[in-house]
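Think of it as A, B, C and D in the order they're written, each chain with its own count starting at 1.
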């Protein structure tokens, strides 16, 4: 992925560290891809009846990750309030999706891979939320 | 739009009133369309230098509205926490976009129309957030 | 939908008639919404095993309609070659989706509504393709 | 990216070689990200007046790449006709976008990176179109 290069080359600096934002964008795009694919793979499984929750959660996860990647890729007119809510929505849909994928990970390898992509996305988005919270704390501390 | 018909026909009931959810989906899709178009129209204006903030805000607004419409269209496996954060992000990006569009509304009719689409989306999404808050209050009240 | 107003207000004229392009955008957005919802409703049905083809086709249909609406909403830098291929892809995914929805239309009302949204989208996109073909013919005729 | 792993783990085989399809998905997602970012970076440049064509082409390119990645990620219910038209639309928007980015590549590094992402996407999607054409030829040859 060329995300980091693109963000470095932008005339607008991203807040909270360009490495962390680029990592979150890449993790969101990878998770979106994994979840599109996982929903499709689930549909083709003989036990599709058991996979319907997984399919539904994957679809929401993919769409929320996709938009999060888009918004994080735009440092010009960055809106921390909107970013914060998107990151929280993204961590949530990735968490419920990862938990459901985990239930099928031993018999469907695509669910195991998808679970890992969700967990990587949770870590990357949570790191941004932590960096944001730390900055808020430092402001409150008057330093 | 056939949104209301689709939600009525789903085997899963949407929370907070199907009329309100359908209205929010339709308002999100209309706002997304208006903002795609407005960004494109802004780019073609002689005063594009003055329109760059508007373009950037329209792009985020369109993408967030689009994903909000998708997620609200899926009552099966509805996740109130994720919906809540998406609605808040959506109201925010629509608000900043509407305010910027308003600054250009008297000399660019496309910005005036786009502002109205943003404000309609804010009303529809806020109505869902209010319905949600009311339900929370009623639960706390022990009724 | 404010699509027509937005296109009328753009400094760039759309080719092939603004009414036709606006109608295609609106039909694409309505079809995308119907197909998101239909995939979700299908997942919640007791006969989900019979619905898996419908779900998969709805997902592709929704995404292709969504991007077609986006591209048609941008007259500035209009690229007829790309628009043409997108319209053909869109008509195709709507057609296969409508045919599959039709197989379930008598026992699932959401599939009946979704089929109608697909068929309206086919008509609107085909009208644009026809207008384009007519213009090509007129050019060849040397008029 | 875990695209290859996801496609390998699917119960449905992708046509034309899983390595080629995975490469095209990854190239589309990378190009989409580069083009979202490039449009945003262009907006923030002092010479935004000169960048307006680039911004408009990037937006279409990003959206078409995104949907192409989604559709190629779904081997179940693969529709070669739709895939073919999407790939042709994708190669086209990447080509016009790359050519415009190239005009700004020496003074805007983000355009140089974006151009490279577009060219990589053209190669990956063209390889799929070539593989498809070869298969058609082989069928016609009666082998």
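Some observations on this one:
One rule holds in what follows: a residue touches a chain if its C-beta (ideal position, glycine included) is under 8 Å from a C-beta of that chain, and two chains touch if they have at least 3 such contacts.
Computed from a prediction, not measured in an experiment: that's the story for all the values here.
When you average the Cα atoms of each chain and compare centres, the chain farthest from subunit A turns out to be C. Note on interfaces C-D and A-D: more C-beta pairs are in contact across A-D. One inter-chain figure worth recording: subunit B and subunit D are separated by 29 Å, centre to centre, where each centre is the mean of the chain's CA atoms. Once the centre of each chain is set as its mean CA position, subunit A and subunit D turn out to be 22 Å apart.
For subunit A, residues touching at least two other chains, in rising order: 40, 43-44, 52, 56, 59, 66, 70, 74, 76. Of all residues in subunit C, only 52-53, 56-57, 59-60, 63-64, 66-67, 70-71, 74, 76-77, 79, 81-82, 85-86, 88-89, 92-93, 96 touch subunit D in the complex they form. Interface residues of subunit B, counted against subunit D in their complex, comprise 39-40, 43-44, 48-49, 52, 55-56, 59.
For subunit C in complex with subunit B, the residues that touch the partner chain are 1-3, 5-7, 9-12, 25, 29-30, 32-34, 36-38, 40-41, 43-45, 66, 69-70, 73-76, 108-110, 112-114, 116-117.
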